[in-house]
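Here come two complexes built around chain A, the first alongside chain B, the second alongside chain C.
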Partner chain A sequence: MTNLVSRAKELLENKTVDVVIGFETGPTGLARPAFITDPVKTDKLVFDDRCSHNLAVYLTKHEVKQMGKTAIVATLPIMRSIMMLISEKQVDPENIVVLGISTDGKLLDIADISVMKGYIEKSDLKNPEKFKTPLDELSKLSQKERFSYWQEVLSKCIKCYACRQACPMCYCIRCTVEVNQPQWIPVQANTHGNMEWHILRAMHLAGRCISCGECGRACPVGIPCHLLTMHLTDKVYDYFKVYAGTSEKMSSVLSTFEPDDKESFII
Partner chain B sequence: MEPTGKLIRKHSLEKLYNNLADTRKIYAPVVKSDNQTEYRYNPAYEEITFEHIRSTLSVKNVVFPKVENLLFYTNSKTESTIRDIDTGEIPEVVLWGTHPCDNAAFESLRSIFCWDTNDLFFTERLEKTTVIGLSCHQSDDYCFCSSVGLSPDSSKGSDILLSRLQNGDYQADILTEKGNGIVSLYPELFEPDSSENPMITEVKQKFSHEKVTERLATAFEHPFWLENSLRCIGCGACAYLCPTCACFDIQDETRGKEGKRYRCWDSCGFGLFTLHTSGHNPRHVQSQRWRQRIMHKFSYMPERNESLGCVGCGRCSSGCPVDMNIAEQLETIQNI
Partner chain C sequence: MSEFEPKVVAFVCNWCTYAGADLTGTSRIKYASNVKIIRFPCTGRIDFMLLLKAFANGADGIIVSGCHPNDCHYTSGNFHAKRRWIMFRELMDFMGIDMARVTFSWVSAAEGAKWAEVVNSAVTRLREMGPYVSYRDMVNRTVEEEVKHD
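Right after this comes the complex of A and B.
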């Protein structure tokens, strides 16, 4: 922790960066994203188990981009998100400094993107253990049972789009649901429209989801929508043997064609 | 009418609920397996909670459903035939165990939906709603009703307000003719007031809403908005959980020749909300949208609607994925 604070302070003092995105403690004791521009205020930075937000979501936010060069506190999922954003040309690696944090909470020395890539490659990239049980339980259900499970769960969706907004990979300026000529997805939050939205979201994240689980955590009504994208993460690995966010030059699994791709799913 | 105090014993309360549930729609709070509290129609009495601090969603959907059909239409080659909705078919609903913040929100909503013209659907739904409220004997850090002119035992918006006594019985304040109507159906369940003081939680005042309103009048260009909304990710959770947020969208949905026009929840926090056809967006960044949210509730509504757009329930803050704590922000605003 002291390492993180002093490193952040140093970066701001010597003007290597204009802003540090990290975590602070809010008034109710929750950790939350913080944006620090004044070196004196780096003391506010915290890092512990409460810090689950995927801060990479801010790298594409208009107001944050305006702030200048950015240092970002980054756990493994955040580093993978940054890698994905670089690969999709949304973030210029020259404009960011990664304050990497290891799984045991230590500050890593991430000098550049190749070091970050090396760290990611050495890491366990599977869906986190805590999501394995619910994923396995869903997989055990028959197709019909699974469909009715999602039908019931998604009927609660209020279409607040917290899942989309919390996701660093959902950076489109105009999301498909906001395109209204034609209106692809019903605007109203009914079961049918909700299912269309969540299936669409999951498909757009297939091969791009880095398994942070933020979409599910952000949902105010408790829909485990992260299980949809995480299931696809497993499927994409089964088919293509790749995990998202592992290289600055990733091919998109659903929009890149290779002559030796398996086509067993095409009827 | 003059409010009257009554006593309702624990076992009589159960009878009251069951009698009402047998004869009409009653909307009551239930704790789900994931510990979220949700309102359901006519749950069994044993399922109902009296211990919730706040339900995940407010109960505004009773008067302002997330989707409200406005009309149906049939298109032919030359003309459209419109079929109106019969608001007479909207059922009567009893709200059970809603807290004073949520009950006060109906007045706030009314000030919007009946600002110049009475909204047909809203008015009909509100007219057909009877509120059996429940004072709060518990609160948490997110509660701030006392900062917006309310309290854990405010009677505003309730027809009957229940308050728990030490022994588990309830004081029942009968506040309106509608409330009296319920009592007169089952007079044997109500006893004279016991004069015992009910258990009411304490909610500390965090800010003065008058000061906030006064400060906001000249704070439109303040750097506060940008600095304090950087972490806002621009979802609609706050607006959709809020009992007083009333923004809606109107859409036509057609299948073949048949179609319907409906209105559904919308949020000023979304970029699309103010996007013009030309492509210009007067609120093109999130800080402007966050400012709008606060301004509307604490400056524009007091000015235009003579009401506040906030009842201090704390849902926007407890449900925010990034801890945009509104009470904290308002506390700061009054001193900027």
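Right after this comes the complex of A and C.
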């Protein structure tokens, strides 16, 4: 990772960027997000299998925007998040330098957004292989079994909203769960309210989810909530032949339409 | 106990289906009285959360209806709605919520007879399916039962 460190150092020394968002080793030996403003401290930067956070989540944060121009260490899901955030006008491409990391851990030379777009287009955009088995297994169950499965896993939800906080696409300053006139989602954590929350979250991410799986990883009680959004990602591709985060100009599936969208259930 | 009568909530758009349902009445066409019509400005305004709230509050079935494609009063509301319902159905099905209880239709202001048919067929189907007990059980579970369930 010497390439990454030297590149980050160069960017900070030339004052091309004001802050580098990357990973460092935390006190317990796990990787954690790091915000580096001093070129001397770029030695702390690491990148390996431990680095799983979707760092794009910080780009929309007020505190980070205030820091100035940002360089960000980005794997494919992070690059797609950045692309999605640019398309939704949440991030100014002029203020971002992408330190792209290929799937085999090498530093990519990403000069601007069009290069990043080219890299994303060449990549495999399907849901990652490790999520496919649980998705298939769930789809094979009967409707009744699926309902009791989701009731069981969602009864554990404590409404901490870690799934929301971990997601780069969930940047609304006032989320629907905080709206109390009317109260869409019950405040207390009961199975029914939890289910309503997860349906709402998945629907708001339909066509915007970039399949990083961070929501499920962030969940402290182990609810596989990423399966909901990933299922919709599959379905969005089946119906509309698009993957989220592939172009800086795309609008998300549910905010646009084609007059000849096909469906078979409306009588 | 008397025969089960399903409670049906219909979310309809003001410009087509609501006028269509009005025409059903003025044409003296008889149709099932199980349906409670809620008028919306446009199908594009019908939030999926409203459907969930209807089920939670005791509906056995739901009808969502609006203008035919290209006939929307606001040009594109029903196209947006169509995409939303495609995704919503897929998600609900994945979570095991019974989408056979939800009827989607396009009924124009001139289709009074079609509205009667949409309602009647939905009510007949729901009568066979019975009350939506499994969803209501989840909603009505008390805190004590929740803890036990865990």
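By definition in this document, the second predicted complex is superposed on the first by the 263 of 267 C-alpha atoms of A that agree within 3 Å, B and C clash if a C-alpha of one lies under 4 Å from a C-alpha of the other, contacts with A are read in each partner's own complex, and residues count from 1 in each chain.
The criterion applied here is as follows: a contact is a pair of C-beta atoms (placed from the backbone, for glycine too) under 8 Å apart; a residue touches a chain by one contact, two chains touch by 3 or more.
Everything quoted here is computed from the prediction, not taken from an experiment.
A.B. asks: Give one word, clash or fit, describing how chain B and chain C relate on chain A after superposing.
C.D. replies: fit
A.B. asks: For A:Asp261, is the partner it touches chain B (first), chain C (second), both, or none of the two (neither)?
C.D. replies: A:Asp261: touches chain C, not chain B.
A.B. asks: Figure out whether A:Asn190 sits in contact with chain B (first) or chain C (second), or with both, or with neither.
C.D. replies: Touch status of A:Asn190: both partners.
A.B. asks: Return first, second, both or neither, reflecting whether A:Lys144 touches chain B, chain C, both chains, or no partner chain.
C.D. replies: The second partner, chain C, only.
A.B. asks: With both structures placed on chain A, which of the two partners, chain B or chain C, ends up touching more residues of chain A?
C.D. replies: C
A.B. asks: On the A-aligned overlay, A:Arg217 touches which partner chain: chain B = first, chain C = second, or both, or neither?
C.D. replies: In the superposition, A:Arg217 contacts chain B only.
A.B. asks: In the superposed arrangement, which partner chain does A:Pro33 touch: chain B (first), chain C (second), both, or neither?
C.D. replies: Only chain B; A:Pro33 stays clear of chain C.
A.B. asks: After superposition on the shared chain, which partner residues are touched by A:His226: those of chain B (first), chain C (second), both, or neither?
C.D. replies: In the superposed model, A:His226 contacts neither chain B nor chain C.
A.B. asks: For A:Arg80, is the partner it touches chain B (first), chain C (second), both, or none of the two (neither)?
C.D. replies: Touch status of A:Arg80: no partner.
A.B. asks: Which angle, to the nearest 10 degrees, do you get at the Cα centre of chain A between the Cα centres of chain B and chain C?
C.D. replies: The angle comes out at 90 degrees.
A.B. asks: Quick check on the superposed pair: does A:Arg7 touch chain B, chain C, both, or neither? Answer first, second, both or neither.
C.D. replies: In the superposition, A:Arg7 touches no partner, neither chain B nor chain C.
A.B. asks: Superposed on chain A, how close does chain B come to chain C by Cα atoms? Whole Å, please.
C.D. replies: Least C-alpha distance after superposition: 7 Å.
A.B. asks: Is there a shared patch on chain A that both chain B and chain C touch, and which residues make it up?
C.D. replies: 190
A.B. asks: If we count contacts the way the header does, which residues on chain A are in touch with chain B in the complex?
C.D. replies: Those in contact with chain B are residues 26-28, 30, 32-35, 53, 57-58, 61-64, 158-162, 164-166, 174, 178, 183, 186-190, 214, 217-218, 220-222.
A.B. asks: Any idea which chain B residues touch chain A in the complex?
C.D. replies: Where chain B meets chain A, its residues are 32, 34, 36, 56-57, 66-67, 141-142, 226, 229-231, 233-237, 239-241, 249, 251, 253, 262, 264-265, 267, 270-272, 284-287, 317, 319, 321-323, 325, 328.
A.B. asks: In the complex formed with chain C, which residues of chain A make contact?
C.D. replies: 138-139, 141, 143-152, 155-156, 176, 184, 190-192, 195-196, 199-200, 202-203, 206-207, 228, 231-232, 235-236, 239-240, 253-259, 261, 263, 265-267
A.B. asks: Which stretch or stretches of chain C touch chain A in the complex?
C.D. replies: Checking each residue of chain C against chain A gives 48-49, 52, 56, 69-70, 76, 79-80, 82-99, 103-106, 118, 134, 138-139, 141, 143, 146, 149-150.
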